[in-house]
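Heads up, there are several structures right after this.
In the two complexes below, chain A is the common chain; its partner is chain B in one and chain C in the other.
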Partner chain A sequence: MLRLLVVGGFVVALEVLCRTGVISKLVLIAPSEMAIHLFGILSSRKADADILESLTNVMLAVLLSVVGGFAIGAFIHSFPRLRRAIDPFLASYYALPFFAFYPLFIVLFGLGRGAIVAIGVLFGIVAMIISTLTAFDRIPRALVRTASAYRMGPVEAALRVKLPSAIPFLFTGFKLAIAYAFIGVIAAEFIMATSGLGYSISYAFNNFDNGTMYGLMLFVIVLVTAVNAVFHTIERRLLRRWGR
Partner chain B sequence: MKRALDFVLLIVVGFVFWEAMHLAAPFALTSPVESVAKAWSMALSPVYWPHVAETAKAFAYALLLAVGGGLALGLSLGLNRTSAEVAEPIMISVYSLPKVTLYPVILLVFGLGLPAKVAFGTIHGIIPVAIFAMNAVRNLPNVHLKTGRVLRLSRWQTLTTIVVPGALPEIVSGLRIGFSVTLLGVLIGEMFASQRGVGYVLMSAIGVHDVATIMASIVLLAIVAVSASAFLLWLDHRLHHRAS
Partner chain C sequence: MAVHEQAVAARGDGVQPVHVSVRGVTRVYGDPVTGIRALAPTDLSLRRGEFYSVIGPSGCGKSTLLDVLAGLSRPTTGTIEFEGRVLDGVPDGIGVVFQEDACFAWLTVSDNITFGLRRAGVDPAEIARRLDYALRLMGLVDFATSYPAQLSGGMRQRVCIARTLVMQPRMILLDEPFGALDAQTRLIMGDELLKVWRETGATVLLITHALDEAAMLSDRIGIMSARPGRIIEEVETGWPRERDSRIAAEHSFGDITTRLWSVLRDESLKSVQLGGGR
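After this line comes the complex of A and B, so read on.
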């Protein structure tokens, strides 16, 4: 309740500052105007193709990150020595500008979707790997011992024992992978694509089309916040149900 | 000793993998030896250093602001239960926004140049530092704070003698993430709109498809990021160990 009040207060303050001209119209347009522009964009359906494209890219990236990240995380976790050596790399991974790999991806995947999705995966997959590692760390040792008592192989143990007991923490990774895939895809489109939401924002920016730019920005912010809020709530429920 | 060996081994495996990729797609990326040689010659050339200095300056300011601001925000919000509960979801959703979309706003507010890069790096780094600091303060044992109250410590004394030392391990964890994302923020800022800095070098190399320079820049950045992060990770482990 208080939370809504804080956010609402912030929006109102912004509105007042813009309307009274403290913040110049060239810099920031009032939130209500952003909403009007966004409504115009959505009802004229001119951004539909870009929105659809970005969302498809994000979904593909999430899918690949989650599946790949779980497999790689499970693999690393079964070799403690490898894990200890790889930790500093995982921790500093997010400081690297992956966009530099874009030309490489264009050569590998061709122009278009593949390269953008690859950057989304690069962003999302490591969050999933790290979450898988922490999730596996929290599996009670008794369960792991039981698995080895039943002589399960590493793959079987990962799928039948580790996966179910680590689900709540893996979900955290899933949530992070979505957030990071969004960041990666939109940023990649923003910097170097020729279509998609990120591209539309940067195109509007380059053309001094503040209305469209802020409208689309508002769309991205509302969309991402809503998606995150939904998954945050699910995560809370999961953690509570697993009796923590 | 064994750990150091594992670390070296991992790097060797990485290089072999890289070489294999080079052989698979020679146009997309240069071989490891070539890239390291190029990185070495770049590190020695006088043309490159002004760019490094520019990035380092922007990064230093951004890190200072992110850490200072993040700690101030996190510690003050964390001391009060209600404010922490209200702020946490808001901060998490701000953290997972694709901040690239906000870059046009920052350019409009700060103009081209150093301030924009610093601001962009700061908005990346400030939130994780604040989130970690806030949670650390919330999880402080209540007894410590009560003792402070019994001893009639002033607000400032409580902060410096109880809150900060108690929360230090978590603060370092936050610092580690803050460091990485601030660097990424500064680099993205330079890639998108700048005439100087490592990000600019990278972007212009991407523009003319100068693969050797791209790979060399990534190598240099990786060395800086991984060594800084390994140091902070080591500090992190030590502090957490001491605390428990």
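After this line comes the complex of A and C, so read on.
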């Protein structure tokens, strides 16, 4: 409730500041105007192709980040020496300015979807790797011994025991991977794409079309918040059911 | 006549065939020369269908002994034979119950209990039959659809025992399964364990640090030395197969615990001096 009040208060304050001219219309339009523009964009269906393009890119990036991050995290966790060697790189990973390497991605993957998804994956995958390592650290030793007592091999133990046991903690990585994938994909579309939400926002910005720009930005914010809220709710229910 | 000799005479049920044989088993963690010696050369024979407990000072290698018996850990030297075959990995027919909560939190009680059966591809009708038996035996009928988080510690341990039980193991290894439970629950769980043992006919090896628990439940008790641990003495209780926790009121119960403590006290003191009692 308090959270809603804070957000609601912020939106109302912004509305008042924009409507009274304290914030210039050239800088920021009122939230209600953004909503009206967004409604117009969605009802005219003119941005459908761009939305579909970006969501496909994000979903691919999330899928690859989550599956790949889990597999790599599980692998690293099995080799403590390897983990000790890699840990400092993982810790400092997000200090790297990936976008500086975007020409390299264009060379490697071309100007299409590949390079954009690759940047989304680069953003999301390490959050999932770190989360998998942390989650596996928290698996009770008794469960690992139980898997051994059932004569499970490493892969079966990872899938049947470690993965479900770690799921509540993997959610953190999952949520971060989604957020980072959105950031990576939208930002990559700004500079590398000829379609998609990032491209459309950039195009509107270059053409002084504040209505479209803020409408699409509002769409991205609402979408990411909604996705995060859904997974947060699932996570809380799981944690409650599992007594964590 | 020593207590254990009186007990053997009182039991009078003849010698059962050997089910498990441990010969000269040692376990060193780390480097074989400079590493931590958890087990000194240990010899042990378990008779088929007997209830055997191992007691010993903290850190003496009791759990290590269980691990090598279960095939979860390889002995550094020596051999273990289970049903006449040298142990190499976790064998078929052995079930293990750990001290820590090993319930799968994401599965209901029923799904926890039938986990191993479903994995082994057992016929669904047979799974239902064994589940029904295990739920009744362990008093979990009303909790079949509950999740472990909704149960008490004692009930979660019952789920773990039931999960082991449905696999119909011929030997059950228990590593301080009641260590985290309160005194009354431990007594009740002990009675239930005896019931399981009687009904299944399995050989049971119980690791415990509680003298009274070992004395109450066991046919035979092995006392381990301070680290590196080995069985230094065995005590036969001579209890009838039909027994429960009320046997603690028997006069000879006091004799048995006194005997156990007289051996264990010196080893516990050594263990404390070695730092194993921390």
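Note that the second predicted complex is superposed on the first by the 236 of 244 C-alpha atoms of A that agree within 3 Å, B and C clash if a C-alpha of one lies under 4 Å from a C-alpha of the other, contacts with A are read in each partner's own complex, and residues count from 1 in each chain.
One rule holds for everything that comes next: a contact is a pair of C-beta atoms (placed from the backbone, for glycine too) under 8 Å apart; a residue touches a chain by one contact, two chains touch by 3 or more.
Fair warning: this is a prediction, and the values are worked out from it, not measured in the lab.
Visitor: So, does A:179 touch the first partner chain B, the second partner chain C, both, or neither?
Guide: After superposing on A, A:179 lies in contact with chain B but is clear of chain C.
Visitor: Could you let me know whether more residues of chain A are touched by chain B or by chain C?
Guide: In the superposed model, B touches more residues of chain A.
Visitor: Just to be sure I read the superposition right, which of the two partners does A:213 touch: chain B = first, chain C = second, or both, or neither?
Guide: A:213: touches chain B, not chain C.
Visitor: I'd like to know which partner A:45 touches here: chain B for first, chain C for second, both or neither.
Guide: It touches nothing on chain B or chain C.
Visitor: Let me check the overlay on chain A: which residues of chain A are in contact with chain B and also with chain C?
Guide: Dual-contact residues (chain A): none.
Visitor: For chain C, which residues count as touching chain A in their complex?
Guide: Within the complex, chain C contacts chain A at residues 70, 72, 89-90, 94-96, 98-102, 104-106, 116, 119, 147-150.
Visitor: In the complex, go through chain B and note every residue touching chain A.
Guide: Those residues of chain B that touch chain A are 2-3, 6-7, 9-10, 25, 27-29, 82, 86-87, 89-90, 92-93, 95-105, 107-109, 176-177, 179-181, 183-184, 187-188, 191-192, 199, 202, 206, 209, 211, 214, 217-218, 221-222, 225-226, 228-230, 232-233.
Visitor: Which part of chain A faces chain B closely enough to touch in the complex?
Guide: Residue positions touching the partner: 2-3, 6-7, 26-28, 81-82, 84-89, 91-97, 99-104, 107-108, 176, 179-180, 182-183, 186-187, 190-192, 198, 201-202, 205, 213, 216-217, 220-221, 224-225, 228-229, 232.
Visitor: List the residues on chain A that touch chain C in their complex, please.
Guide: For this pair, the touching residues of chain A are 140-143, 145-146, 148-151, 160-161, 164-165, 167, 241-244.
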